[in-house]
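Consider the two complexes below, in which subunit A is the common component and subunit B and subunit C are the respective partners.
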Partner chain A sequence: MSALSSDALSQAGAGLTARGWRVFGVWLAALLLVPTVADSYFLSVLTTLLWFAYLGQAWNVMMGFAGQLSLGHSLYVGLGAYSAAALFVHFGIGPWAGVWLGMLVAALAGAAIGVLGFRFRVRGVYFALLTIAFAELTRIGFSHISWLGGAGGLFLPVSQRVNNDLAGLRGTPAMFYYVILVLTLAALLLCRWLLGRRIGYYWQAIREDQEAAQALGIDVFRYKLAAVLISAAMTAVGGVFYAFFYNNLFPEQIFSLSRSIEIILDVLIGGIGTLFGPVFGGFVLTPLGELLTWSLDRAGINIPGAKQFVYGGVLVAIVIFLPDGIWPPLARRLGLTRASSDPVRSSEP
Partner chain B sequence: MTNLLEVRGLTKSFRGLKAVADVSFAVPDGAIVALIGPNGAGKTTTFNLIAGAVAPNAGEVLLAGRRLSGLRPDRVCAAGIGRTFQIVRPFGDLSVEDNVLVGALHRRPHVESARAKARAVLELLGLKPLAGQRARSLTLPDRKRLEVAKALATEPRLLLLDEVMAGLRLTETDHMVSLLRDLNRRTRLTILLIEHVMRAVMKLSDRVVVLDHGEKIVEGSPQEVVVDPRVIECYLGAESVA
Partner chain C sequence: MSFSVPPSVIATGVLTGLVYGLGALGLSVIFGVVRVVNFAHGEIMVLGMYGAALLAQHAGLDPLAAAPLVAAVLFAGGWALQRGLINKLIGRPEHMQFILLAGVAMMLVNLMLMLFGPEAQAVQVAYAFDSFELGPLVLDKVRVYAALAAVLVAGGLSLFFSRTRLGKTIRACADNQLGARVVGLDVPRLYALTFGIGSATAGIAGCLLTLMVDVRPLLAPELTLLGFIIVIVGGLGSLTGALLGGLLIGVSEAFAGFLLLPSMKSMFSYGLLILILLLRPQGLLGKSS
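After this line comes the complex of A and B, so read on.
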């Protein structure tokens, strides 16, 4: 880290100060050590947290960086999950080979949406509706494909949960935890790298003003499509993880609109368009939900949907009071990032 | 002098209303040409037709003999035309420097090289002290300068400037005029500008094209144009000649 000048770091879209890097280091060390002390419940909560943070990071590429709103990201989760699971169930092909098929299938679906949307100038809300339509169509379609288990679901044989087999993605909760942690960090690095390159700046220009971007020589169609493809492929990897972690896939669940919304929550709360927002949002929202469940449990109260209700409330508060998300102002206040170094999407037109 | 830009019989109607009707003119290589006329004369539409933002109904645009009409705006930029927008369009959430960087990245795919170019352009336009600010926070005159900086950073052969002096104070106008003239002389940058500030038009342009109701009514040197009765009648008004 010290080899990079502060300038280079800022250009890479990270914008962390020395203090920010220290906090990041402590956070990372803590996450690495968690499995040595945590019980299995705590570990599963963290695994889910990181999974959503990872998906949020992937979604952020499309919306946060390139300004293309997708409300159908469950499509890519499901396609990734089903691709790898089908290869495994029917042909015994492992997840690390299946992930390539998953990424390819998701990218193809993304290409279909992108080409339809961007060629026919479907923008903003209408583009978002298109993404929902694709996810919903796929959900209904998959319920009728008996080769993939149809509506009754596709089940992966659960062999053992004692020995770690990383190649087969079979093993203990701790192994799955480390896998998703590595994926989340890799997504963070990838996004940081992308933001510091031409494509990252072009995406932001397109997000801010498409016509002005085009006047500066940017092939808007190509770069928007690239954002969709990268985001879809990244999301599909999360889907593969899901398939091998939970071992069961139901079209109703995995392609659901509510899943697409859930993917977005962390990013909205952390900060759309920021590098650390998705992960940070996860570390705000999940503990909040867990705390609520725990306290309701202790009080002996059983309110179905209480967690979702609180999530909704938090979201409304964020949208009204902190439209840039919690991370940008907080990180600046605590001196973790340099002023205005983190690319931020404002809600102003 | 050969012509860098040639506009031939350019025509564009919006819902039956002819915004630009059979307009032809040329911009010689290395020249500064001004496009003037009253509001609604079709100046900005002409710009949009040249820049590829709007497709013409008829006519063609040639840059150094190459046909541009029908190309997308990004292709027109690649061909060597940089443009500004009359209603400024900064990338609001990006810093001033990154705004210009986006333009510079067009000919320089590597960020370091593009950033060096962007900084040079910022320096040139006196925007260097504002480099780290968000574009959204700039005042209108600074936004106008940022528009020019973004377009310049794409390293065009022809620069289209749409009312970049509007809203500037007298000294700022003079500064912009000397800057553009300097650029034109040093780098042989060819400029086509839409301008209402006659002070700037007179000082800068080698030739003036006057549009009215979508048609070209007069073309000539600035001195010829300002005394032309047709121009005075439709645009300048009698008092401005003095």
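After this line comes the complex of A and C, so read on.
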């Protein structure tokens, strides 16, 4: 049944109805106008929201479309961030050149994991463990590379936050906000395009039943590897953004397992394998987290861990009650998508 | 740098490894029967560590004496977790269970962060700095006691699964879930029992660990990963494999910590994990399927 709905999606692109497109337009216009009214705090929250949505979109290519579970995506974030930051700190080379190196390094790491994992038939949960092992190995390794700051961190010089210098990715919070907004939209477009291509169909076939896909003559190895490479390179771009937005990189944070889990939260809430799920999930989870922080602040309680605790609870609740995520049923109910037009990941075996 | 490793380093690795192995044993039991990779295993171990720490602080109980109490509480917790949550996912894709337990792990580690704070706490026992001397070997008393206890509990578990009726029933259920249902076994109940046993084992390992390591919430993810490494190296679902894997990791970490930087010692383990995943995914002692 889910195979059918996937097909329907690919033909229909995003599968949005006229009403869906109108809502999308209003949402986009609102996002474009936000910096004119929002204060810097609100803007930074939105920037973080979009950053996670972007990374979720990238992760979704590998898991949601091609069915390969990665719990080590922080690896690609970190490699992208460190590549561009190292070029900038040591050679004065800007982020728009650095981003290519970041994508290359992350794609190479992805290729190593993919080739090893797929050639040696490491599957499912074992493959997820392999991705974790590589991320952890890199985390510890980077803590000992003094050229990259080691465990003490790598810091980018913060020159100014007043004038916008897009070429050097140096500027106001509003500039960074627009950059991540454009990245998020670009990722959305790229995913929509991919899903409509041959590769998108092949991925979904592999996701639903790898043996059947193979029997039909699909080069399973090649298309799974392509998913890893695309996902890793996309994720690395997010890493470059992180480096220039926050200006400090610590292996303990950027390569951490908890970061890898955070990356998948939005997607799970929105709906694994859906086009709008990652972004939608971000707009559910972040307000929830902010509301919680705000209420705790109001109550004068400062407990580290409370927000993450609730996030964990949300994750559990979603898996138990809404394994397909919130977006697919909600969008159908509101008439935003055509019936069975989103490639909902099958929750039945 | 000298490459001659003092025998005490190896002995310390062996003793520590046995306790790691016991923790991993719980993970292995759960995987072997319920077919769930318990992403929250390290979190359960650290819960056990805090249990031991609290009982030591407030009741003056030695962690060794606290172990049965902690085990009982965590048995109930594991049982409830399986009954209330994981049993609902039987038959769903395995990645959903994995993600569910990642969520549970996130809740537990942050709950402990909220309750106990991020700082490391030590549990002091009177014999903390005593040691046994056997010829050239100098063995910390705490490590010897912890390792002995670990071997005892592992032996007990092994007897339970090979000799008792309930243990055999659980194994039957592990071998063939459908067959177990056909002959009328209450599979969800057996799963809950197994998860309880696995959690209790993790809790005991946690208690023993407090003799050697300071407890802090963020130790939990490290222990989870360590558990994965050990059971995959030893072979998921194999009890002896888990102990052997624990020994191997304990000794290799002791070596690496001695020869390289202590902070690099777990790189060794992750490297080993990757090698095993690629070359012998069923583990050293696991049965190939």
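Rule of thumb we're sticking to: the second predicted complex is superposed on the first by the 337 of 349 C-alpha atoms of A that agree within 3 Å, B and C clash if a C-alpha of one lies under 4 Å from a C-alpha of the other, contacts with A are read in each partner's own complex, and residues count from 1 in each chain.
FYI, a residue touches a chain if its C-beta (ideal position, glycine included) is under 8 Å from a C-beta of that chain, and two chains touch if they have at least 3 such contacts.
Please read these numbers as outputs of a predicted model, since none were measured by experiment.
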item: More subunit A residues in contact - subunit B or subunit C; value: C
item: Subunit B versus subunit C as contact partner of A:A212, first or second or both or neither; value: first
item: Touched partner set for A:L71, first subunit B, second subunit C, both or neither; value: second
item: Which superposed partner A:G168 touches (first subunit B, second subunit C, both, neither); value: neither
item: Subunit B versus subunit C as contact partner of A:V220, first or second or both or neither; value: first
item: Subunit B versus subunit C as contact partner of A:Y201, first or second or both or neither; value: first
item: Residues of subunit A contacting subunit B in one complex and subunit C in the other; value: 346, 348
item: Interface residues, subunit A side, partner subunit C - complex; value: 63, 69, 71, 116, 120-122, 124-126, 128-130, 132-134, 136-137, 140-141, 143-144, 151, 257-258, 261, 264, 268, 303-306, 308-309, 311-316, 319-320, 323, 346-349
item: Sites on subunit A touched by subunit B in the complex; value: 11, 196-198, 201-202, 204-205, 208-209, 211-220, 273, 340, 343-346, 348
item: In the complex, subunit B residues that touch subunit A; value: 51, 53, 72-74, 77-78, 83, 85, 89-95, 98, 101-103, 105-106, 109-111, 114-115, 132-134, 136, 150-151, 153-154
item: Subunit C residues touching subunit A - in the complex, by the definition given at the top; value: 37, 85, 88-89, 91-96, 98-100, 102-111, 113-114, 118, 217, 221, 225, 228-229, 232, 261, 263-264, 266-267, 270-271, 273-274, 277-279, 281
